[in-house]
Amino acid sequence: MSIVTVVGNPRAGSRTHGAAVAATDAIAARLGHEGERDVVDLSALATHLLDPGAHAGLEVALDLVRGASVIVVASPTYKATYTGLLKAFLDRLPPRGLAGRTALPVLVMGDPRHALAVEAHFRPLLVELGAVVPTPGLALLESDLPGDEVLAAWADLVAPQIRLKESALS
Amino acid sequence: MSIVTVVGNPRAGSRTHGAAVAATDAIAARLGHEGERDVVDLSALATHLLDPGAHAGLEVALDLVRGASVIVVASPTYKATYTGLLKAFLDRLPPRGLAGRTALPVLVMGDPRHALAVEAHFRPLLVELGAVVPTPGLALLESDLPGDEVLAAWADLVAPQIRLKESALS
Amino acid sequence: MSIVTVVGNPRAGSRTHGAAVAATDAIAARLGHEGERDVVDLSALATHLLDPGAHAGLEVALDLVRGASVIVVASPTYKATYTGLLKAFLDRLPPRGLAGRTALPVLVMGDPRHALAVEAHFRPLLVELGAVVPTPGLALLESDLPGDEVLAAWADLVAPQIRLKESALS
Amino acid sequence: MSIVTVVGNPRAGSRTHGAAVAATDAIAARLGHEGERDVVDLSALATHLLDPGAHAGLEVALDLVRGASVIVVASPTYKATYTGLLKAFLDRLPPRGLAGRTALPVLVMGDPRHALAVEAHFRPLLVELGAVVPTPGLALLESDLPGDEVLAAWADLVAPQIRLKESALS
């Protein structure tokens, strides 16, 4: 099993990508996880997400997410909430498609006025998918990046809420 | 100028499409609008929405929406909120890209437990885009469709809140 | 008829009170309203709001609100949303107790990270009560007070959405 | 330490009270907790909650909540969200006053259309207070009460997320 990072920014190499990986690092370190770490960068899948046809890369990405114990789900704020890119990907999951998984919402925002989007919009989406979603979510201000202290404080709160079956991260 | 209907269902000919057109009819009748009526069915644009390149049909759709006085924006509930398809389309608009327009959210839901998504998630998205968004939004239960009475009651509440410049709907 | 200002701050003479009156002034000026202007400061009614018994002052306040054409409803952010004081007052209204009235949410916040509470939490409450709620709501940062420019920009957007029957504000 | 149940219904002996105790029973059973179980019924404290003066019973209630490991927080839906009574009580807590505690939101609703209020409004309030809030929250339909099956399914999901220090429930 593995920890998977999902990056919902339409641009490759985005700050969201960097922040998402750093958030995943902070969680993995606290869980003592040294195993596999996959990153699903949705910018590479964008043109296939809304195409009803099958696409091998997209199927792999969905399988990775569904097979993970812990999923760090990151998005920049577009229109004061998560991106359509991310939502289009999560819409491909079946009902309660994240049941039994732990999902951690991470929002990278340009404007602090969008901070509550994590709790008001983003978390309810992951809860609807059946995921266990530790509290609080992470709202990172772009101008605070890399934001090591904010990340560390968040990971200290969240990691102890992640309950893994004994061999889950072996 | 015109009233435009946006349909955020990935399937063509969806019940969302039918409900959206019926909602638009109900509004247009109360406004005495007999002019042009465009429908932007996003199912036809899906593969282009998340493609960063230019696409003529998508540009036409964005121009239609931005040029309209009144926009009926409809979505089915996916994961207890609007679809990624719809969000991906709205993400293509610039900041405050609906300023000066009136936008009416319409959600077609399979489960009545998702009704509050209209006010908690969907309306804030349209407000962030700068639109005037009359109250309340419309949450239609699939099993109630065509829902003529619900539609009429909603249109009676909402239409008087739409303030058009004199020649806006000529 | 009249414009009524409701102040949901437990402390008398609060900054919320000042901001609420200034917001009301800005709206009244744009409506050309020179008539009666009542203020319901809930700090004076606090001990009666959760008392199931009747209380003359509270009944007067509820009647003022229900008889008004336009209600400016103001609260500071407590726990990242409107106060329990304000909610306890609004809970005394019957179902759809603000139908036919226009209500304008005003939130005075210490932290910009609470801004979305206006659209995600406060507006849905007023919509549930049946009010017409023009967009956007007003989220004022304490450190920006008196915030004349923010108030003026908001009132310019909101006032044209208020539709009064001919003699409503006479 | 103890598990505490908070009941935010203005009427004594409410269905909310019954549902809250049943939810607490279901959680306690799964945690193997046989110790102290306090219930804070806010209907008994209502007239003091918005009184700025000190009140012995209220202080005891606040201490119980802050000293608990697990808090089941229950409310009926008033105006499509939690009651002003409950919010007034939680407003008495200091910032992050539930840090280190686990809080479980329980909403008893008359109308299924209010179900999302648990995730969109109620959970964000408890998260703002610093609580660990396992997912999902519980939205119980009045007409389904006592709702033993719904309660059991919910408790099966939520109880494993509650992480107690070794002696926490002794």
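Structure notes:
We just call them A, B, C and D in the order they show up, numbering each chain from 1.
Note that a contact is a pair of C-beta atoms (placed from the backbone, for glycine too) under 8 Å apart; a residue touches a chain by one contact, two chains touch by 3 or more.
As the structure is a prediction and not an experimental result, all values here were calculated from the model.
By residue number, more than half of the contact pairs of B-D reappear in one of the listed pairs A-C, C-D or B-C, namely A-C. Just to note, of A-B and A-D, the chains joined by more C-beta pairs in contact are A-B.
With centres defined as mean CA coordinates, subunit C is found 38 Å away from subunit A.
Centroids built from CA atoms put subunit D at 29 Å from subunit A. Residues of subunit D in contact with two or more other chains: 80, 116, 120-121, 124, 128.
On the subunit B side of its complex with subunit A, the touching residues are 10, 46-47, 49-52, 78-81, 83-91, 93, 120-121, 124-125, 128-129.
Across the complex, subunit C is touched by residues 116, 119-120, 123-124, 127-128, 131-137, 160-161, 163 of subunit B.
Of all the residues in subunit A, the ones that touch subunit C in their complex are 80, 112-117, 120-121, 139.
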